Every structure is written in C-alpha cells, then in structure tokens.
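Here come two complexes built around chain A, the first alongside chain B, the second alongside chain C.
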Partner chain A sequence: MSERKIGVYVCQCGGNISDYVDVERVREAVSGDPDVTVTRTAMFTCSDATQQEIIDDIKAQDLDGLVVASCSPKLHTFTFRGVAKRAGLNPYRYTQVNIREQDSWAHTDDHEAATEKAIRLVKAGIARTRLLEPLDPTVVETVPKALVIGAGVAGLRAAIGLADIGLGVVVIEKEAEVGGWVKEFGPMFPHERDGRDLIEQLLGEARRRENIVIFTSAELVRKAGSFGNYEVDIRTRGASNMTRRLEVGSIIVATGVDSYQPAEGEYGYGIEGVVTLPEFKRMVDSATGPLTHLGRPVRDVAYIYCVGSRQGESGPNQYCSRFCCTSAVHTSLELQGKDPTAHQYHLYRDMRTYGRYELLYDESREKGAVYLKFPADRPPEVTRAPGGKLEVAVQDQLTSQEELRLPVDLVVLVTGMVPRQNSELVARLKLPIGRDGFFNEIHPKLRPVETVVDGVAICGACQFPKTASESVTSGLAAVAWSAAMLKQGRAELDPQVATVDPELCTWCGACADTCPYAAIGQLDLGGGRLVATIDPSTCKGCGGCVPICPQHAISVLGYTGREVEAMIDSLAAEVA
Partner chain B sequence: MAVLDPHFVDSVRLDDSFNASACMNCGICTAVCPLGLEHLPREIFAYVVLGMKEEVLRHQDTVFSCLLCKLCEVNCPAGVHITENVRALRHYFDSEVFQIQGGPGDAASHV
Partner chain C sequence: MAVATAAVESVKARAFRPKILVFSTNNISDPGIDLAGSSHMHYPPEAMTIALPCTSGIDPEWIVHAFERGIDGVFIASDGEECAYLTDCAERSARIFDTAQAALRERGIAPERLKMAAICSVCAESFVKYMREFDEELAPLGPVGQE
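== the complex of A and B ==
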C-alpha cells in the first residue's frame, strides 16, 4: 500500500552522467517502488524546461516528495528547493542524490558498476525522502547595526556607507589613530590627492553622522550569537581599560595588510641606502626638492621590483601584489617632479601598471626613466661600492643580455603586501584563510565579500593585495551585502538543525562541550530536571553532537537517526 | 661587465624632444627597418639611456647609415621620436668625436 507520492528525476547531465551510467536502467529500477509515483530522465534536469516539467508533475500528481539524481548538492540544492517551493511542495521534502561527482566521474572505467552504484544511491535517496517531514525556516529578527573591524580607508568608507543606508555602525580600530596605511601617504595615484587629506575627509564625514561610533585602541575579544544577532565584546585600552558588550547584525572585517619586510641581505637590504617602497614613499612625500639620504644627495636611484612577491621557490609568496608596480612608478614620477634631473632606473620582471595606470608608466618613460627587464632566475645584486655609491649588478634581458653595473645613490626595494597576522581575530570569528594567508571569500566573482561564516564579510586588502580605490570598492560591496540582509529586519535560517528529545536527555553536558558554535545550553524543566536545549539560530546542523550523546537524544532535522539508517539499509540491500 | 654612466644620456640629449627612454623594447622598429640596421634604433638608444658610451661609439657606422625614413617612427607604439633622437645622436658624434663645432641646429645638415 503506497503511503507517499515521490517524484524521481534522473539526470543525464548532457553525457557527464549518461556516458557512464545507464540512466534508463536507474529509472526502471526505482519505478516499481510503491512510494514512487513519477520517474523521468532528463538531458539537463536543471534546465528551465525540466524544472517546469517537475513543477507540473508535482501539481498534477500531488507529489509529496522529490528526489533529483544529478550533480553535487553544492551546485543545485537551492535550485531544486526553489522548484519544490514554486510547486507548493515543502522544500525540505526534497533529496539531492549525487550521481555525478560521486559516481559517473569517479567510475568512468566501469559502466556496469557505476550504473549499479547509481541505483543504490537513488534508492537511498528515496528511502530518506519517504521519511522526511515538512520543515519551516527559522525566522529571526535582525539587529540593524554593523560592526566594522579596522578603520583604514576601506573600513571608514564602509562605515559611512552603512550609516547613509540607515544602519547603525560601530567601528573598532586596533591602533590609537584611524586611517591605516593611507593616513601616512602624501599624493596617491591616480588623482594626486594626499592620503592624509582623504582620511581627514572620511573621518570628518564619519563624525558628522550620529549613527557611527568609532572606538580606537579597541579590539574584539568575544563573539557570540548568530547572524543577525551577534553579541560582541569590545575591549578598549588606554586611560580607561574597559569592555563593552554590543549587539550587531553583521560584521565587516577590514583589517588590511602589512608591507613585506625583506630579510637582512635580501637584495642588499641592511646596507645603508637600500630602502623599502614605504620607506621611500615617506622620503619622497616629505622632500621639498632633490632627495637626500643620511646627509648625502640622492641623484641616481635604482628600483628593484617584485621584492616579496612572485617568489617562486625562493619564498612563500607566490602571488603578485598588484599595487606595487604602479605605486613605484607613481612615486618615481613624484620624485621626478621634485628633482627633474634625477636618474631613475627601474629593474623589473614584468611591468604590471594595469588599466589606467599604464599611462603613468608611459609618462615615466617619456620623462626619461630607464626600464630594464631582468630574468627571474638572475635577480639583481646590490653591493656597497668604494667611494660611497651603491652598485647594482643586473642582466639586461631585452637589449643585449649584457651584465651591467649601475652606480646609484639609493636602491628602492619595491616591496609587496603580505597578510597581516591576526590570529586572535581569526580564531574568534573563525575566518577562513587561503593558502596565500589572506582571508577567503565564498566566490571570487559572484560572492566576492561574503565568507562562509554567516553574517561576516571581508573587504579591503585583508582579502588580497588591493589599491586604495579597490579597497574602497570592496568596502562598499560589503555595505550593500550588509544592507541587503539587515534592512529586511528579519532573516530565514536553515531549519535542518539539531534538536534534543527532552524525554531521553539526562544532561551530561557532553553535547555542549563538543559544539563548535556554542549553540547548546541548559534548560530547567522544573523539579531539578535539567536537559540540553539547542538554539536553532546558532546551530549550523553540523551533527557533531549527535554521536556524542550517550542517550541518542539528539537528531538533526532532515537527517534523523531513522532517516540515515533507512539510507544505509537501502545502500546495503541487494540490487535486484 | 659594463659599468654605466648615469650622466652620459645628458650629453646626448639636445632638448626635451629627446625621448629614447620612452621605448618599451617591443622591437617593431628593428622588424620594419628597410635597411635591416641591426642595432638601430632600439639597441643603440638602450646604450645611450643606460650610459654605455663605449658601445655607442662602437656603432658609429650604424648611426650614420640610417635613412631617417621614419618607417620605424610611424610604427612605434610608444611614440618614440626616433628620427629626432638619431639626429641628436649624430650631433653628439659631430661635436664629441669629429670635434665639429656648432649649435644644435647643425644636426639638420645630416638629413
């Protein structure tokens, strides 16, 4: 006697599946199941046409369960939940079965076994779906306030954007002063505005807005709660050490970067007259005419590019820092303006003054700067020459491959950006770090400022090396993302979370100890009877507490013990 | 191993129209030269801006072989004033090597 009416759709994925799995046999193998009402195969189940076909089937046959056997749930869970929703079927009565990544692609050498495995997987999906109960998303009210961590150019601009869109803003800055790197700069590309002025302007704008509060010498020391309702503790140092507890709906991380610090002896670093790009920028910004260094005139300058970037086997940094070519060229033009007769030699691997900044490179060459390309495996060598000059030995790759010796007064190491060490913040926010040490977004193109931690975004150069304008752009993206969530005032959370059966629970506390999200607390049922209780808006449904419980009192909704056991039984059953 | 002289370029430059440093070493000039001049203009001017005086002097014949036809100049993507630069270099040879006295305008006699 059939109790359920389940629709099963087996996808060919345009050959990705059907070249190795006999999808028609899979369909036939499950079509006799008394709980299965509809079975179909499709060229592309995710296509608009097939989605509509599923909707029509659900409506016409009054289906109460949906199984899609296609690709990884990472790709299309939300697609088919949407299909179910549009057809009036509870979206949590749908199961995604992965017969592509976990079957056809993995077993291209054995079509028979791949087909048999697909049948087992689909049957297991049906077994789970048979038991699925409708679930409703947890709705939480959100706090219309954002926390911005880091008051550099990205964080300050984001704070102003958030305030103007009608959200409350708390900005915390670890240093005693706001402004980050930019506050130290004189003229910046491409508009020659002083970095100091930009920060003054931003700070003035921020101060004019009543819904922005800025704490300096301040750090985040605790975060609890979940997306939309974070509870954060902010500790400020100084005359009055104090900790404030605040409620915020979202968190924007804009903690910036450090400049690469060359090792002693790296391209002559440590020799008098060998300086990094930030050191050089400060020298040029503060000069009123020709440069001097330690009392000596600087007339001939050599720049060595890619220091600390694109290190290959010689160091950990494989990435290009992007901003440094343009910054060095721009700063050399700034020097050229203050000392038109200075001789400047740019020793580069590749010039990457991308986009509009190419014009700075053109201008620099036109004004007499000399550019020399050196081979990556023959980096320039810097030594102190007799007579007080520095000597740079370099191989000229583009003219005659000749070994050249440049006598100069100053060597500028064009140093890149490196990720800032923020281990405490990383631990508190559980920020994802990429292999290069920078914070990771979910998707570089489509979700460029969101992290896998709900309600926590990243922007500015803590994500990867950026110019000031790129940092601000991403800061404003984080503003739009915050507003899109918090301006609704409410958020829907996935209901597939853990629940406790109070009849079975004896409160041993093991689950609370193991929960990585601090979602489990204690509930007094009266009469001294204590049980565990799980906050559905904090729980992520990871299931880590389920096997810990000695009383089997915890289930994850949508993956209950019964449902998972039914899947295992089905997988283990003989294929007819 | 050549030691470079940062000030050599200043002795070749007649005025601000000299812009050999604008070259980005693409090599189109070498490819289109109807005389197939091997070292003009890219390499010789690299020697000039780098301050490799000996190399420049060694290529005197090349400097005076150029027809100033401007085929390289009209094809130069970096806007290098190649023929003006060649004339500046010829003027340098006139005054420094051949010891011919005269103002910058005399360079025009080599057209």
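== the complex of A and C ==
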C-alpha cells in the first residue's frame, strides 16, 4: 500500500553523469519502490523541455514528492523548487541528489561503484522525500535600501542603477576618493573615453540623485540582522571619526582588485626602465609627445606578456587575467599615436585580445608593431646593457626558434590583476573565496552575482579579472538582483528552520541559552506548562540547538532526525 | 598521480570496502567535496555524503544509528573556524564528536571509526586525502559489528 507518490528523475547531464554512471540501472533500481510513481532519465533535466515534462507528470499523476538526481544542489535546488511550485507541488517536498560532483566526476575510474553509489544516494533522497512535510516560506518585510561597498566604476554605476530603480543607496569607499582604478586612467578601450572623465560623469550623476549617499574613508565594521533587514555599522575616518548604524536590505560588494606586483628581479623588475603595465599606462597618459623616461628619450619599447598570470609552477596565479593583452595593445597604440616612430616589440605567450578587441591587435600590427611568441618554458630575460639601454633576450618560436637580443629603452611587464586582500570584510560578511583568491558567485551562468551569503552579491573585478565594461555589466546585474529582492517590499525566508515539539519539551532553557541569535523564547501553554518556542524569522536553521536538547524535542525542518536516519538506512543498505 | 592511482587500484582489489558516511555542511564543506569531483580527483566511492546546514546540528545518536545499520566509518567534514552561523562551531562540533565516541565505546564499537576534520569550501585535496587515509585505516578493522 503506497502512501506517497514521488517522481524520480535521473539526469545524464549530457554524458557528464551517464558516461560513468549507468543511469538506466539507477532508474530501474528505484522504480519498484511503492512510494515512487514516476521514474525517468533525461539528457538534461534542467532543460526547459524536461522541466515541463516534470510539471506535466506532477499534475497528471498528482505527485506529492520530487527527487532530481543530477548535479550539486548548489546549482539547481532553486530551479527544481521552482518546477515543483509551478506544478502546484510544495517546493519543500523536493530533494536534489548530487550524483555528478559527488559521484560520476569523483569516480570516473570505477563505473560499477559509481553506479552503485548513485543508487544508494537516490534511495536516500527518496527516503528523505518520503518524510518531507510541506513548508511555507516565512515572509518578512524588507528595507528598500542597498549598501554598495566600493566606489569604483562598478560600484558607482550600480549605485546609480539602484537609485533609478527607486531604492535608497549607501555607498562606502575605503579610500579618501571615489573612482578606484579607472580614475587613474587616460583613454580607455574601446571608445577612447578618458577614465577620469568617466568617473567625473558617474560621480556627477550619483550626486544629482537624492537617494544616494556616499561615504569616503569609510568601512563596514559590523553586520547583523537577517535577510532583507541588515543592520550595518559604517565607520568613517578623518577629521571626525564616527560610526553610523544603518538599515539596508541588500549588500553589493564591489571592492575591486590589485595589480600584480612583480618580485625584485622578476623579468628584470627593479632595473631602471623596467615598469609594470599600470606604471606604463600612467607614463603614456601623461605624455604630450614622444615618451621620455628619467630624462632619456624612449625610442624602443618591449612588452612582456603574462607577467604574474598563468604562472604554472613558478607562482600562485594559475589564471589568465583576461584584460591585460587588450590593455597593453591599447596602450601601445596610444603611444604610437603620440610617437609614430617609436619601435614596439610585443613578446607574448598567447595573444587574447578577445571579441572586438581583436581589431586593436590588427591595428597595432598594421602600424608596424612586432609580435614575437616565446615558449612558456623559456621566458624572455631582461638585462642592463652598456650605454644605458636594456637588452631583452627572447626566443622567437614562430620563425626559426632564433634567439633575438633586442636593445630597448623601456621594458613593460604586462601585469595582471590579483585578488585584493580584504580579510576583515571577508570575515564580517563571510564572503566565499575561490581557488584563485577572488570572491565566488553561486553559479557563473545561472546566478552570476549572488553569493551563498543571503542578501550579499558581488560584482566588478573582485569576482575575477574584468574590463571596466564587464565590471559595469556585472554591477547592473547586481542592481537587478537587489531590485528583484527589495522592490516587492517583502522577502520569503527559508522555512527550513528549527522547530520544537511541545509534546516532548520540558523547558530547561538549554536551547535558549545556546542560540546566539536569540531566536528561542518561552511559551506558556497554560496551566503553568512552559515550552520553548522558536521564531522562524530569526532562526538561521543551523541546528546548533538540536544536539543540546536533552529531550530530543528540536528538529530542523528538512533535516529532522527521522529524515537523516532514513537517509542513513538507505546509504547503509546493500544494493541488490 | 601515479601513487594515487595505485592506491585506488589497491582499494578496488581489496575484498572489504568500508562504507563511509560523511556529514558535510551546505555552505562550507559540501562545496569543498563538490570541488574534489569537479576537479576529477578520485576517492573511494564507498564514501557517501549527507549535507546538513552545520556540523553543530548533528545529533550524536545519528552517528550511533549509522554504525548500527552497517556504516563502517563516519567522517564529520566540519566547518572549523569558517562557520557562517556559529562562532564557536569548532567547540560545539568537538563536543558532539566526544559524546558520539563515548557512545561508541559503550557499545563496543571502535572509536576510531569516527573521525572529524575541518574541510573548507576549497579543501578538495585535503578531503580526498582524508577519505583515502580513512579508508585505509578502516580496512583492517573489518566490517562494523564484527570486531
């Protein structure tokens, strides 16, 4: 006699799962469960077509539970909760089972064991789903105001966007001046607009909007409260040190990046005439004609690409910094404009002037710049040459592997972006950091500016190396995310919070003492019978009170003892 | 890598492959375990994970229950100092660990069948290392309940 009607969908993920896990066997293994009504495999469960198929199944078969075995729950929990909701099924009667990151991809060497593990995991997902009760989100009112941390090009543009969409905005900038890197720049690609002008214009726009407040020399020193209702303390330094307490609904982090600083001796850094890309950009921006360096004319310039990027064994930065090829080519064209007779040599590993920036690369070559590809394992060497010149020795990989010695006046190390050290902010907001040290979004395609921290988004180059226009685009994505959250004036909180069984509770107060969020209070049931009660909008759902309770009266919904033990039973059982 | 592959091969050849239950946390250690898979690092497939909000919410009775049902080893992939919920998460998790180990001793279950380590959101390599080591340590103990 079946009590539940659960639909189980096993994803092939276009081979990412099905190349290693026999998904048909997984489907068959659970199809005999009396509580399972529908089982299907799908090429891509997250595709629109399959989502619709699930909705149709839920409606036609009157399903009361949903299990999707696919990728990590971090990617698609919300997708399939949405599917359930659209089909009229309570979204909290859904379990996502991770058979990709935690199965097929981790056990590519053992298909049989990966398949058995998938069967166990899916059975555990069904066991949990069998016990899930329908839950309704807790609704809270939200503060229609956003905090933007960092007033570079991304943060300023986001602030204007937020204001125009009708939200209050507080911008805090750690430095004494707004504008970040861009305010230092002269002409920028692709439209030759001056960075200083761009910042002036953005700041002017921001000042004209009454709902934007900007604090400079300011830092976030405390964050409290919950989703949609954060209380933040902003400390400003300077003539008057003071701390303001503000209420905001969302937080957008746009703290930017640092430039890679070469070590002494790295590609000759430290020798006079060896400069980084930002140093060179400043020199070219401020020149009115042919370049001079320390009083000497600069006739010959060598650029060495990928300094501090794609380091392999030689350093911590494994990533390509993306913007530097285009920026170096663009700056060399700027120099070309000021001094058409200068000789320019670009020593590269791989040129990546992606998209339309390829046109800058074409233009540079047409105007006579020389491009030489060097092997990654034999980087160019920079030495001081007699007569005040520098000499760059490089192996030319594209002709006859010839070793060339270039006499030059200036060597530009094309340095990339590196993550900025913001340990205090990271600790305060609990920001997730990725392998390369940049802040991590939840999903690069599906949730590109959201973080795992509720109500906190990231944008600009603190996320990964970006051009100014890419930074602004992500800033506007964070605006849309804030608006979606705050413009309704109310937000739905995860109902998977702790709850007390009043039958079991004998009120000892241990749970109330252990909760740092003060979510647990006392309820008088009448006749002097006192029990604990938990406020669902204050409770974070961590479960810290669960093992504290001597009566086992507390459960986190969605993670109750019965549900966890049922999952354990399925994982422990032999796979027939 | 050759050494790692050899280790995996030796596990495959072994008759007894201990079942390991991992308790992870949704925001910290589970992403670290995901990263191991995303990076195609291999660990024993008998290791299976249940993700919870926070390791401070584990009821020691669940651990006892797991061993009673035939799980050979339980690994708590804790949040350590990184927990977004509780500043004293490490101490709380340690208390849960101690309570569970005491319960195992009472029942004659080898306490070394329970292990705990902090796994951060990018700690893929250390997770894989822990799983391989734990698997090697559990093998000589044989199936739970038969020691």
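As a convention for this text, the second predicted complex is superposed on the first by the 375 of 576 C-alpha atoms of A that agree within 3 Å, B and C clash if a C-alpha of one lies under 4 Å from a C-alpha of the other, contacts with A are read in each partner's own complex, and residues count from 1 in each chain.
Here is the rule we go by: a residue touches a chain if its C-beta (ideal position, glycine included) is under 8 Å from a C-beta of that chain, and two chains touch if they have at least 3 such contacts.
This structure is a prediction, so every number in the text was calculated from the model and none was measured.
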Which superposed partner A:Val257 touches (first chain B, second chain C, both, neither): neither
Contacts of A:Gly543 with chain B and chain C, given as first, second, both or neither: second
Which of chain B and chain C A:Asp362 touches, first, second, both or neither: first
Touched partner set for A:Asp569, first chain B, second chain C, both or neither: second
Touched partner set for A:Leu398, first chain B, second chain C, both or neither: first
Which superposed partner A:Ser72 touches (first chain B, second chain C, both, neither): second
First, second, both or neither for A:Leu406, with chain B first and chain C second: first
Partner chain(s) touched by A:His343 [first = chain B, second = chain C, both, neither]: first
Partner chain in contact with A:Ile149 - chain B first, chain C second, else both or neither: neither
Dominant toucher of chain A (residue count), chain B or chain C: C
Chain A positions touched by chain B in one structure and by chain C in the second: none
In the complex with chain A, residue positions of chain C that touch it: 5, 8, 12, 19, 21, 26-27, 30-31, 33-38, 40-43, 45-46, 48-54, 56-62, 65-66, 69-71, 82-87, 89, 92, 95-96, 99, 121-122
Residue numbers on chain A that touch chain C, as the complex places them: 72-74, 98, 100-110, 113-114, 116-117, 120-121, 124, 430, 432-435, 440, 452-453, 496, 516, 540-544, 546-547, 552, 556, 559, 561, 564-565, 567-569, 571-573
Chain B-touching residues of chain A, taken from the complex the two chains share: 299-300, 341, 343, 362, 365-373, 393, 396, 398-400, 402-408
Interface residues, chain B side, partner chain A - complex: 1-4, 6-7, 9-10, 19, 21-25, 42-43, 46-47, 49-50, 52, 78-79
